[in-house]
Amino acid sequence: MVAAADTQLDVVKLDYGPESIEFSLDEYYAAPEILSRVGEAEKNGYDAVVVSCFGDPALHAARECVRIPMVGLMESSMMLASMLGDKFSIVTAPKETVPSMKRMTKMVAVENKLASIRAISVPVLRLHENEKATKRAFIEEAKSAIEEDGADVVIPGCGGFSAWASELAEELGVPVVDPGGAALKIAEALVKLRLTHSRLSYPSPSTKKRTLPSLG
Amino acid sequence: MVAAADTQLDVVKLDYGPESIEFSLDEYYAAPEILSRVGEAEKNGYDAVVVSCFGDPALHAARECVRIPMVGLMESSMMLASMLGDKFSIVTAPKETVPSMKRMTKMVAVENKLASIRAISVPVLRLHENEKATKRAFIEEAKSAIEEDGADVVIPGCGGFSAWASELAEELGVPVVDPGGAALKIAEALVKLRLTHSRLSYPSPSTKKRTLPSLG
Amino acid sequence: MVAAADTQLDVVKLDYGPESIEFSLDEYYAAPEILSRVGEAEKNGYDAVVVSCFGDPALHAARECVRIPMVGLMESSMMLASMLGDKFSIVTAPKETVPSMKRMTKMVAVENKLASIRAISVPVLRLHENEKATKRAFIEEAKSAIEEDGADVVIPGCGGFSAWASELAEELGVPVVDPGGAALKIAEALVKLRLTHSRLSYPSPSTKKRTLPSLG
Amino acid sequence: MVAAADTQLDVVKLDYGPESIEFSLDEYYAAPEILSRVGEAEKNGYDAVVVSCFGDPALHAARECVRIPMVGLMESSMMLASMLGDKFSIVTAPKETVPSMKRMTKMVAVENKLASIRAISVPVLRLHENEKATKRAFIEEAKSAIEEDGADVVIPGCGGFSAWASELAEELGVPVVDPGGAALKIAEALVKLRLTHSRLSYPSPSTKKRTLPSLG
Amino acid sequence: MVAAADTQLDVVKLDYGPESIEFSLDEYYAAPEILSRVGEAEKNGYDAVVVSCFGDPALHAARECVRIPMVGLMESSMMLASMLGDKFSIVTAPKETVPSMKRMTKMVAVENKLASIRAISVPVLRLHENEKATKRAFIEEAKSAIEEDGADVVIPGCGGFSAWASELAEELGVPVVDPGGAALKIAEALVKLRLTHSRLSYPSPSTKKRTLPSLG
Amino acid sequence: MVAAADTQLDVVKLDYGPESIEFSLDEYYAAPEILSRVGEAEKNGYDAVVVSCFGDPALHAARECVRIPMVGLMESSMMLASMLGDKFSIVTAPKETVPSMKRMTKMVAVENKLASIRAISVPVLRLHENEKATKRAFIEEAKSAIEEDGADVVIPGCGGFSAWASELAEELGVPVVDPGGAALKIAEALVKLRLTHSRLSYPSPSTKKRTLPSLG
């Protein structure tokens, strides 16, 4: 069990948003519901929030809105990975998500340790249809990341792969960082250490009129 | 007149969104309406779109959605500024917008030329109440950017200042790049050169269900 | 037609200099005549000057000497390319010019976006002898730049290729930025925006004795 | 209590080494004993080791020698700090330790987020003689780091300050990351996630003769 | 005596060129004569050439033209300085030369160690009129470089200061690297080690027509 | 002969330490004896010390301890290499030493010019058993560094290869920098120029109790 004994973990599914996050576009559909739920979480007394999507959608905006720690999967797993080796690669799916993911990683401080982002050719929504083939494809790409791109550590950049982290690590012979687990542990760490993001980097948004069209 | 003789420029005001863009949060309220209007513009035969807000909201997502050039004020003015001197500074308002603007500039290729982002202490929505005082405050900060931070060029990082660019340049003795003008000329350049963003960096989003909550 | 309707474009051929610019050495033979012609252009009332050679010879020295915008092909095309994708490559000729070109690109702010400089094996002066073969060779190298080096955009780094930019773009499926067109549009933009390089970065050279040997 | 309920924490004092670590020299006196104790810890079934000294002495060598996670205070606290704001500063003592600390931070992936290293003028071994004056001096330097160097987060770079982290944070209005707490939580995280450093970055040293002079 | 016992050092004064090198412009007047003399030196059997001007004019072009080591004052002194401390500053004259010098330092690999370029307000050609005042002004700026910019080492960026290097070092308490001496020793080192620049970086220019106007 | 006529060169073999330096671990076994001998050298009137091991063990600590120049093979050879071409590669042995060498090169200012570190598959202690095969293996890797990684210059990262530098250069057609020779010439240069490391970067360690375990 990854969570600490005294951690109560509640998982909330969003009512609105994109079916999956693969493009820069998708972040904008995910953000409004995320921001609204994050605000509720703070009001309801939660100690921290993990946005459980690898692209860290709305992470910085959420930090402006609440004072409890907001933890992202991409940022957390990249931080841990950078402590386990010199370079790490992200293996994701599908191929079309790589360019937007490259843009997102530029916001993370350890981007200089990123050896490559590689993709297997399976759409996010179909990753679980043939688990065995998906795993095999993941291992192929991860091996190329290690041998050709110089990665010492691998991050599965997609929720679908997380559960297999240990299994994949064993087969690859390098650490495989489960982003969900990484984010949970970083969230626990911040709570126990009574730390949260700086008001200097994340000032509270002023109150003013903000409206959204009904695009649903 | 900044626009070329054969440029037809139509200005569209958004029906939804935040009153102004000062925080990371505001981008998420601006994006859905921007994305929807950008799509319409392409359908209606426009050759290019300038998102007329200094923070370049939804710029990369919009590039995924349409094939006509999408031009941002921040990116365009930073590019031109980097060709006019070794370092440039952005002077904006209010102070609270500086941290989110710093995050945004990390997405622009010439961020290494950014000497500083400075702010005058006036909220965006009140910039025009006392024009003279606002100009004076702008000039003070721009001078500090030049003398203390090493800026050779200044960019007014806020729509409110754009109209005064020439006047400010004369007083400061350095180029002052009007972001709106810069974006318009870059848009014209791309259209005439028959250039638009690469499909490799901006693949078309796949069709899938994407919904938004009614937060209006 | 790339130029704006109200742009009057005069092309001047240099009386002195190297037959082509392929080496660091060649810049020093090109510079004196360029600097002298640039000074004349300003005196004769021209609004801006484009030095029509991809290596941007004498660009910074020329900016010291005149107050009208001095625009370079390499700098302009690299700026536009950096707004169209994450990485761009330059494809040039001949191979011997690559090392000096690498040194030149270090002076351009978006050098961090440069995926690679590749060369086809044809000397500059023979590029037009067999156009078809030259085009074919260009496309081969550009494809390698895209597939192996990660380029999303291609810049033909040699005057000989510019005229084919659209044709090449179509075949490659990525934007191909014509450096000559890029520089012309940037020059027009700066003129219309009443912008020129900063005196802080380009102070006027003091008057003193400067002589050249007669090497002609 | 910072440690998780199921974490058993044993603190071991070294029998040999320097009285404190302030210079590059001191690391070499600390390392042999650290490396020997780390090896014992692994043999005795410990799950992870934190080297409780801010300069992360012998961290990378220790990772070569054992397969359990080796966690350093400097690296861990810099990682957490980089997730809480855009820039952080380290405040340490005495002034003479700053140059060697600068060299050490170059080994940490988030060094690009380091705004400054500042020192109060008190030797490490006297920090606790006058606690109140020490705290006051720390707060002065931390305030300068925030106002002059742009720090959003502060790290006390010296064991002596760690216990006061919350108190200091309250007074400064920015997060203050206790390096010892940070390292403990990162160690727990790695253990729970079954992660340790990559064998590709930290291959096992071959067996060969290695001797030390008796300098005691 | 700085030169080795078996080094024969001949100093050649140029017949053409600018009176001093202070601007980007000046390099283009200095280059043709330098290149011609460098070629002669190789023909006459010299083992290496030092271009005795701090801005390293025509350094890379000269390397293309000859196979004996070409050594520059700026590059050599920056290399040695970077081995003596973490950061170094250049102190030069006059102020107008700073922007062009900044551009030149970008070509040197250790530019990341450059804390600042500072100038005293004396034109190059008048530096020796009042030696005492010039030294005083140099020391003032060097002290500011150390205290405000974080320099640990100082380089006098101007021939006029070189002779005073030891004297200045004593007064400042930090190493002061004489660029002329540094270049001489690097030249000797390369000759003794039978090293010269790589043909891959500096291919021989092809023979073709290169002419210069008579601007003398 | 590489040394200057008036250079007296004494070679000292260490009584303690590892048999060879291949891992981060080995540095800690080498350091105490190095530091003790360096101190003796200064007391005995030596003008400078070269630590004749490619990994520059204890270099920075030694600079704290003595005021005579301390010169490292890795740092010196990387500096010279960076003046001979745009990129250089290090070829070393065995493969296991590459990760620790990568960490060490991060401390050198010209690390941005490092194209790659490659290894031949021979342990350091066996390099001389079959010289011909070792040379052949070196040349293979050096050629790959040139053709695949873009190196213009090669550094043999291992004492065993140094003697062959000229021979290898001839076969490869690029400069091969002998690290031992490079360090010797840099040491001579610093002595003649009366330069040594800055006290600001290398303050003298305070006197305090420092002990080592008897691990011999």
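In order of appearance the chains are A, B, C, D, E and F, and numbering begins at 1 in each one.
FYI, a contact is a pair of C-beta atoms (placed from the backbone, for glycine too) under 8 Å apart; a residue touches a chain by one contact, two chains touch by 3 or more.
What you see is a predicted model; the values in this text were computed from it and never measured.
J.: So if I look at the partners of subunit B and the partners of subunit D, which chains show up in both lists?
T.: A, E
J.: Using C-alpha centres only, name the chain that sits farthest from subunit D.
T.: Chain centre farthest from subunit D's centre: C.
J.: I'd like to know which pair from B-C, A-B or C-E copies the A-D interface, where a copy means over half of the contact pairs are the same by residue number.
T.: The A-D interface is reproduced by B-C.
J.: Please compute the C-alpha centroid of subunit B, do the same for subunit F, then give the distance between them in whole Å.
T.: 50
J.: Could you work out how far the Cα centre of subunit A sits from that of subunit F, in whole Å?
T.: Chain centres of subunit A and subunit F, defined by C-alpha means, are spaced 42 Å apart.
J.: Just how far, in Å, is the C-alpha centre of subunit F from the one of subunit D?
T.: Roughly 28 Å separates the two chain centres.
J.: Among the residues of subunit F, pick out those that touch two or more other chains and give their numbers.
T.: Those would be 86, 99, 103, 152, 200-202.
J.: Taking the touch rule as given, give the residues of subunit C at its contact with subunit E in the complex, in rising order.
T.: Of all residues in subunit C, those touching subunit E are 15-20, 22-29, 31-33, 35-36, 58, 60-61, 63-65, 96, 99-100, 103, 106-107, 123, 125, 200-203, 205-206, 208-216.
J.: Inside the complex, what are the residues of subunit E that reach subunit D?
T.: It is residues 86, 152 of subunit E that touch subunit D.
J.: Across the complex, what residues on subunit D touch subunit A?
T.: Counting only subunit D, the residues touching subunit A are 1-6, 71, 75-76, 79-80, 82-86, 109-110, 112-113, 146, 152-153, 166, 169, 173-175, 177-178, 181-182, 185-186, 188-190, 192-202.
J.: Which stretch or stretches of subunit F touch subunit A in the complex?
T.: 99, 102-103
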